[in-house]
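Heads up, the next two complexes both have chain A, just with different partners, chain B and then chain C.
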Partner chain A sequence: MRAPRALRTAGGALSAAWLVFLLLASVTASWWLPYQADAQDPAHALAGPSASHWLGTDDLGRDVLSRIAAGSWISVGPALLAVIVAFGAGIPLALLAAEHGRWVERGSSRFAELLLALPSIVILLAFVGAVGVHPWAIMTVLGVLLSAPVYRIFLGQAQSLRTRLYVDAARVNGVSSLRVNLRHVLPAMATTIAVQAAQLFAISVLIEAGLAFMGFGPSLPSPSWGGLIAAASQHVYDDPWLMVPTGAVLALTVIAANGLADAVAGGGREAEPAVRRTRGRAAVPAAPAAGGPIDGMLLDVRDLTVAVADGPALVTGVSFALPPGTVLGLVGESGCGKTMTARALPGLLPEGVEVTGGSVWFAGRDLAGLPDKDLRAVRGREIAVISQEPMVALDPMFSVGYQLTQPIRRFRGVGRAEARRIAEQLLREVGITGARRMLRSYPHQLSGGMAQRVCIALALTGSPKLLIADEPTTALDVTVQAEILSLLRALVRTTGLSVIIVSHDPGVVADLCDEVAVMYAGQVVESGTVAEVLGSPSHPYTAALLAANPHVAEGLPVPERLASIPGTVPAPPDWPTGCRFASRCSLATAECAAPVPVTPAHAGGPVVAGPVVAGPVVGGTVVGGTVRCVHPLSSPAPLPVPHHAEPGVSS
Partner chain B sequence: MNAPVPALSVQDLTVRYGRAGKALPAVDGVSFDVAPGETLGLVGESGSGKSTIGKAILGLQPANAGRILLHGADITKASLRQRRVTAVDLRVVFQDPYSSLNPAQTIGQTLAEPLRVLRVPGDQRRPRIGASLAAVGLPADAAERYPARFSGGQRQRIAIARALVCDPQVIVLDEPVSALDLSTQAQVLNLLADLRESRQLALLFIAHDLGVVRFLAQRVVVLYRGQVMEAGPAEDVTQRPRHPYSVALTAAAPVPQPAEQARRRAAREALGVGAAGAAPPAADGCPFATRCPLATDVCHRDRPPLVSGVACHHADQVARLRLPPAAA
Partner chain C sequence: MAVYLARRLAFAVVTILAASVVSFLLVHASGGSPGAITAGAGATPAQVAAENHRLGWDQPLVTQYLTWLGHAASGNLGVSLIDGHNIWSDLTARLPVTASIALFATLLSGIFGVLIGVAAAVRGGLADRTVTVGSGVALSLPQFWIGILLVYLIAIKAHLLPATGYVAFSASPSQYLQSLALPVITLAITGTAIIARTTRTGMVSALRQEHIRTLQALGTPPWRIRYVHALRFAAAPVVSVLGIQFIALFGGSVVIEQLFALPGLGQAAQNAIGNNDFPAVQGVVVIATVVVVITNLVLDLALGALDPRVRTA
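Presenting the complex of A and B:
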C-alpha cells in the first residue's frame, strides 16, 4: 500500500496529521467551539491571546480561534471541490484520449490547450462579475480550468501505460474498456494522482483565500480565512497580531498539502537502497596469490569477489586469465553473476555493489585497488564496454558524428577535421558503408544492428586493448547477430583486440570465442577452450545448458523434447556452502554438500596453484581447463538428460 | 468429403500503419491456415510484420484488406467487444513476461479476469484457475501471490495459464520464449508442445529464431518486409530452404558446437547475403533483392509470385546456396 509508506516519513506524517486535524476540526466545530463564530464582545475588542481567548479577538471582540475553526470548511471545502472537479474532468478525458487514439486525442488536446491559454484569474473575476459571489461556483470554474493541466499530465502517463502488454492481454480477453481503465490503467497512476491532487489543493486554497481577500469570498459575516485576513489587514498597524493566527493556519495548510505531496512522491523511490558509491576505497586487494600476474597475460583475474555493500556476495572467487588477441566467453543463465563479473573489471558496478576481494591484473596493474579517478583513465582508453541495448548507449540528442568525434579528440588529442577523418575510418572498420552520411545521422534514424555497429566504433575510439561486450547481440535479429559476431571476430584478427563477451547463448560463444568460462551462481564452474568445454563438457551444468539448446546443425534431427534444468538459479543469500548447482543436478550425491574444489579438466594438465585459468600454454606455465565438480562427466560426456523432471518449478 | 475447417485462417491480409496510401504496408497480402492441433511458425526479422499479423488476428490492429477466419467465421472487422462472443476460442501469450502481468494484481485476479468476462460463476472460477495453474506446472497457491514473486520463466507460465483458463482452441504466441534463458526456454517449449498434444491446440508461434520454431512448429511461414518469402513444412524450410532469405536465416543461427559452427560461419560469410539495413528495395520488386546474392534485373523490377510455397525468381538456383549438412 502506498499511503502508509508515505506516512513513514516525519514530514508526511505531520502533514497528513495537520490536514486530518483541520478537516475534523472544521466539521465538528459547532460542538466544541468556546464561542459562537459571530458572538461579539466589544469590551474585549482587538485583545491579544489570553486564557479566555486563546488566539485573541478581532475588532468586534469576536474570538479568533472560533472564527478560524468555523471558517475552515468554507475556506478549504471549495478548494477541495476545485480539485475534485479538475481530476473528475481531466482524468477521464485523459483515459479516453489515450484509449481512442489520434482523433479523440487531437480534439481533447486542442480543447485542453485552449483552457491552458485562458488567464484563469481574469476568467474567475469575469465569472464573479457576471454571476455574483458564489464561492462554490467560483471554485468549480477554477476546477474546470485546472482540469487542463491535469489532463496534460495524465494523458502521457495513460498513453504509456496502455502500451503495457497486460493491457493488451486484458483487451484480447474481452475485458470491457471501462474495466481495463479502472483495473489496469488507473491503479498505476494512483501515486501521481495523489501527488498532483495535494499540490493542486494547495494552489486552490491560496486562490480561494486570495479571492476572499479581494472581497470575492463568502459574504461578510461568514468567517472565511481570506476574509479574516482582509479584516485583519485593516488593523495591521494597531493590532498586527490579528493577522498571525489566520495567516499561520493558511500557511500551515498549504505547506502540509505540499509536504504530503512530497512524501507520496518520495514513497515510490524509497525501494531503492540508499547506498553510497564506495568503489575502490573498500576494495581489499587479496593477498597476491601467486605473486603478481602471470606473464604474457593481458588480463589476469584472481579470486574476484563482488558483493552488495553490507549484503550477500554476488560473485565469489572468480579467476581467469586472458592473453592478448583472444576472446573469452562468460556464459550462464541470468542471475549467475556474469554481467557483474564483467562490469567489475573496469569498475562499472552499479551503485551499492563493490569489489570486496581479489585482484584484477590488467597490463601490469591491479585495477581492483585503484580509486575511481584512476579507473576513469583506464575506461575507454584501455578497456571499452559495449552493452546489450545500443539505443540506450547512444545519446538521442546528438549526431553520430558528434558522439564519435568528441571521444576521439579527447583520447587522441587531435583536431576537429582529423577526428572526423578518424571517425569515418572507424565507421568503415565496423562495416558501415556511407560513413559520411552516417556521421550526420541521429540515433533514432538507425536500426538496432547499425546502432550496435556505431557503439562498437565508439568503443574503438580510444584504441582499447580489451573490449567487454555484455550480451551485445541479444536484442538483435539473428541475421544481424551473425553480422555483428563476424565483425567482432574480424576486429580481433586485424587489431589484436581482446574481447570478453557475456552471453547466455552457447551458440554465440561457439561462434566467437576461443576460451569459455561457464558461470553458475557467482562461480566459474567450468573453463577451458570452447572446443573442450562445449565439445565434451565436464560439469553437469554445462552439459545441461547445452542439452537445453534447440539449435542443431544442418542435417541433424531436432530432439523430441528439450532437456531442461528443473528450478531456477538460487538467489545469492541462498547459496549453499557446497556445490551451488546440487539442488538442480541429476547427478548430485551427499558429497556435493561439502565445498567443491577446483580441479583440472580436459587436456589442460595441472592448474597453476589456486586460480582457474582459461588460456593456452603460456611462458612455460601449463594452464588449462578446470572444473568445479566432485563427479565430473567423463569424456565423451553422456548428457544427463533429466527424465520428465519438469515442469519443475520451485515454489 | 469436405476439407476440415482450419482453426485459424488468414487470407490475403494487408495492414498499413499511418495514413492509407502513403506508408508501405507492414503486412502485404499474407495468407496461411492453422489446423487444430497444429503449430504454425511465423518467422522473420524485426520489421517483417510478424507481430503485426498477430495483432491483426487479435483485433489489436485493424486490417486494411483481407480476411481473418476463426473456425470459418469472419472476425476481420469484429471489434474487441464483439470478440467477447465471437472469438472466445482465441487467446494470446506475449513476449515480455514482465510487462504482460499487471504488477498490482495477484495471479488469481489476473486469471479470474477472462472468466469474469465469460460470466463464469464465482464458485467455478477457483477450481478452473487451479486447474490452469496445474496445467502449466505451478502450485495452486500461486494464485495468492503477486507477479513480483515469480521468475521470468514462471511468469511466462502464468501468462500461458491465463490463455488456457478459458479453454481456447487457438493461441497466438508472440515471441513467447525469446526473453527467457535457455533452460527456462526449454521448459516453456516442452510445456507448449505437451499442451498442443493434450488439448489439440492450434498455435500460431511468432518467433525470430528458426531453431526454436523448428522444435515446436510443423509448418513455417517465412516473412520479409511484410511478404511471404517461403511457406512449407518446418523440416523442409529449415533443412532444405528454397528461398535465399530462408537460407540466410538458417545459416545465421549459431549452433553450440565450435568446430561445426566455424564451418557454418565460413559458409555463411561466403553466401554473399547483404547486410541488414542496406538500401531499401524498389516498391515493385522483390523485397529481398537488395540483399540477395542471386538477384538479377528481374528481381528489382517484378515482385515474384508465391508459387508452391516460394516467392523467388531464382528458386531453382537456391539449392547451391544451402549450407552443407554436418558431418555426422
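Presenting the complex of A and C:
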C-alpha cells in the first residue's frame, strides 16, 4: 500500500498529523473549549495572547482560539464535500467514457470542456445570489464544477489502464465491467486519486474561505475562518495580531493537504530533483593507466572504468583501440555496459555516472581527465554521436534547418546563407532528396528513417574524425535499418571516418565492422577482427551470442545450435569475482570461480600481469584488456560468418 | 487552420450561450422575483405582480430567455433593478479596472515566475529547495490574507502606497499606478509562485529530454542549451498556466476588489448578488464568460505559434 509509505516521510507524517488533529479538535471542540465561541467579554476586547486567552480576543472580547476551533468544521467540512462530489461525479464518468468508447467519450469530454470554460467563481456567486448563503449547497456546486478537471485527469489514466494487458485479460475472461473497474482500474489509479483529492481539498478550503471573507459564508454568529479573517481585517489598524491566528491555521491546513499530496505522489521519495550544476570532472581521475597511447591509433581506450558516483562500477577495465578509418563494433546483450562505454568517450555519461579510472587516448590527448569545458570543444568537432532514438533526438520546437545551420555556423564560422548551403549539401550526402524542403520541416513531420538521416547529417556538421553510433537502427523498421547501415558504410568509404557501432546484434556488426569487441557484464570478453572473433569465437559468451542470433547471411544454413542464452546479465552489484558469465555458461567448471586472467586487447599493447577484480582497478599494475576464458573453445565449431566481413581489411 | 479556428469559435459561442442559460435558470430558480425588488419593501402582492408583469417575468421561460438573448446580442443587458442604470455601460465602465489588475498581475507573475523557476531548475540545490518551499507557502495563504498583510505593512506601517481606492488612468496616470500597486502585488505573489513551479518542473523535464543530449553531443554551449532549447521546450505549459492565471485573476478579483475597494467587475458581481439584482447577475456572468472565452482563444493561438507540433498538425 502507498499511504503508509507516504507517511514515513517527515512532511507526509506532519501533514497527516495536522489534518487528523484538526478533525479531532473540530469534532470534540464543545468538550474542551475554554470559552463558548460567542461568549463576549467587552472588558477584554482586542487583547493579545495571554494565559487566559492563548490566541487573544476579538473586538467583542470573544476568545479567538475557541472561535477558530468552533469554526473549523464549517470551514473544512464543506470543502471536503466539494472534493467528494467532484470525485463522485468525475471518476465514474471517466470510467464510463473510457469503457464505452468514442461517442460517450466525446459527449462527456465536450461537457467537461464546457464546465472548464465557465468562470467558476462567478457562477458560484450567481448560485449564491439565487439560492442564498448555504455553504454546503455552494460547495456541492463547486464540486460539480471541479468534476471537470477530475474527469480530464482520470479519463487519460483510465484509457491507458484499460489497454494494459492484465485488464484486457480480465475482460476477455468474462469478468464484468464493473468488477474490472473495481478490481483493476480503480486500485491502479489510487495514488493519483489521493494526490488530486488532497490538492483539490486545499483549493476548496481556500475558495470557501474567500467566499466567507466576502460575506457569502455561514451566517454571522457561527464563525468560519474566512469570516473570522474578514472580521479581523476591520481591525487591521488597531489590532493587526487578530489576523495571525486564523490565517496561520488556514495556511497550515492548506500546506498540510498539499504536503500530503506531495508525500503520496512521491511514494515516500523526494520530488524530482533539479538538474545538478555541471561541475568539472573529478580533479584526479583514479588510477591512470601506465604509458602513452599506441602509435597510429585514432582512439586507444585503456582500462576504462565507469561507475555510479558512490555506487557500483558499471564498466570495469575495458580496453580497445581503433585505427583511423575503421569501424569497431561493441556487441553484447542489454546491460553489458556497451552504451556506458561509448558515452564515456566524449564525456557524455548520464547524471551521477562518471569515469573513475583508465584513459581515453584520442588524437594524442587523454580525454578521461579533461574538464567539461575542454570536452565540449571535442564534442561534435572531433567525436560525434548518433542517438538510439532518432524520433526524439531532434528538438521538436525548431525546424531541421535551424538545428543544422546552428552547429554549422559555430563549427565552421560561416554566415547564415553559407550555412544553409552546407546544410543542404550534408542532407544530400545522407541521401535525402528534396533537401530544401527538409530544411523547412519540423522533426514531428519526419519518419524514423528520415529523422536518423538528419541526425547523421547533424553529426557530420563538425566534420568529426570519430562517429559513435549507439544502436543506430534498433528503433527503425527492418527495411529502413538496412538503408541506414548502407549509408553508414558509404560514409566510411567516402570520408575516411572512424566509427564505433554499439549493437546487440552480431549480424549488424558482421555486416558493417572491421573489428569487434564483445562485452559482457561491464568487461570486454573477446576482441579482434570480425573474421577472427565472429568466425571462430574463443569465448563461450561470443559463441552463445552468435548461436542465439537468427540473422544469418544468405545462403548459409541456420545453425542448429540456435538457442537463447539461459538467464540474464547479472546487475553490476552482483558481479562475481570470477568469470561473470560462469552462471550462464554451459561449459562452466569450478575453475571459473577464480579471478580471470586478462590479455592485451591488441597486439603491441602492454603485457598483462595479475588478476582482474570486480570493481575499480586499484593501482597501476593491472592493465585491462580482454578477459580471457579459462577454457576457451579450442576448436570452435565453424560458425557462419556473413560474407560482408572481409578478413584482413583492418590494420 | 481555418477549420480549427472555426471549431474553436463555435465552441466559444456555445460556451457563452451555456453560461447565459445557467445564469438565467439560476435567477429563475431562486424563488424571488424582480417585482418584489422594484416594488420595494411593504408592497402589496398586487403591486409586485404588476411590476413582474411590466418586467415580463410572467411570460414563459423560453420567451423570456429569447427576448433577453435578442437584446444581449445587440449589447443591451437591461437595466439594474436597484438604480435603473444601464447594465452594459456600467459593466463596460468597470472592465478597465479589473482588466488592469489582471493584466498587470499576470505580467508580473510571468516575469518573476519564469526568472525564479529557471533559476531553481538550473542552479538546483539550496536555491531549488528555497523556491519549492517558498512557493508552497505562498500558495497556501489565501490571497485576501496576503492582501491585508500588505495593507498593514506597506500602507499602514510604511505609508508607501494608498491602502484602498482607485484612480482612473485618465485622471492621473501616476495615481492610477499607485492605486493598483497593492492589489496587483497581492495577486502576483500567488501567480509568481504558480508560474515559478510550472517553469521549474518544465525546465527540469526539458533538460532531461533526448534532444538535449543530442545538443550536448554537438558541444553546444550550456547557455544555448538552457535558455534557447530547454526554455523553449518548457514554454508551452508556462504560457498555458499564464492563461489560466489570467482567467483565475478575473474571478479572484471579486475578493481583491472588495478588499481594496476597487470599482471593478468583481464589485459589480458582489453588489448584484447581494441585492438580488437579477439582470445584473446575468450580465456579470455573461461578461465574465466572454472574457474567459476570449482568453482561451488567444491562448490557443499563442500555443499554436509556440509549438510547431500544434501549428502544423
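Here is the rule we use: the second predicted complex is superposed on the first by the 453 of 651 C-alpha atoms of A that agree within 3 Å, B and C clash if a C-alpha of one lies under 4 Å from a C-alpha of the other, contacts with A are read in each partner's own complex, and residues count from 1 in each chain.
Everything that follows uses one rule, which is that a contact is a pair of C-beta atoms (placed from the backbone, for glycine too) under 8 Å apart; a residue touches a chain by one contact, two chains touch by 3 or more.
What you see is a predicted model; the values in this text were computed from it and never measured.
By the touch criterion defined above, A:P572 lies against neither chain B nor chain C after alignment on the C-alpha atoms of chain A.
Of the two partner chains, chain C is the only one touched by A:R379; chain B is not. In the superposition on chain A, contact is made by A:A117 with chain C only, not with chain B.
In the superposition on chain A, no contact is made by A:P218 with either chain B or chain C. After overlaying the two complexes on the shared chain, residue contacts for A:V392 are found with chain C alone; chain B is out of touch. Of the two partner chains, chain B is the only one touched by A:P506; chain C is not. In the superposed pair of complexes, A:P407 makes contact with chain C only, with no contact to chain B. By the document's definition of touching, of the two partners only chain B reaches A:S447; chain C does not.
Residues 164-166, 168-177, 183-184, 187-188, 333-334, 431, 446-450, 477-483, 485-486, 504-511, 530-531, 534-535, 544-546, 548-556, 558-559, 561-565, 568, 646-649, 651 of chain A touch chain B in their complex. If you check the complex, the residues on chain B that touch chain A are 45-46, 58-60, 80-81, 83-84, 87-88, 90-92, 94-96, 99-102, 104-105, 110, 113-114, 116-118, 136-139, 141-142, 151-154, 157, 159, 162, 166, 181-187, 189-191, 193, 208-212, 214-215, 239, 248-262, 264-265, 268-269, 273, 275-277, 322-326, 328. Contact residues of chain C toward chain A in the complex are 11, 14-15, 18-19, 22-23, 26-27, 29-30, 120-125, 128, 132, 136-137, 139-145, 148-149, 151-152, 156, 200-201, 203-205, 207-211, 213-222, 229, 232-233, 247, 250-252, 254-255, 258-259, 269-270, 272-274, 276, 281, 284-285, 288-289, 291-293, 296, 306-309, 312.
Note for the complex: chain A touches chain C at residues 113-114, 117-123, 125-132, 202, 206, 209-210, 213-216, 226, 229-230, 232-233, 236-237, 240, 243, 247, 250-252, 254-255, 258-259, 271-278, 346, 348, 376-381, 384-385, 387, 389, 392-399, 406-407, 410, 442, 444-445, 455, 458-459, 461-462.
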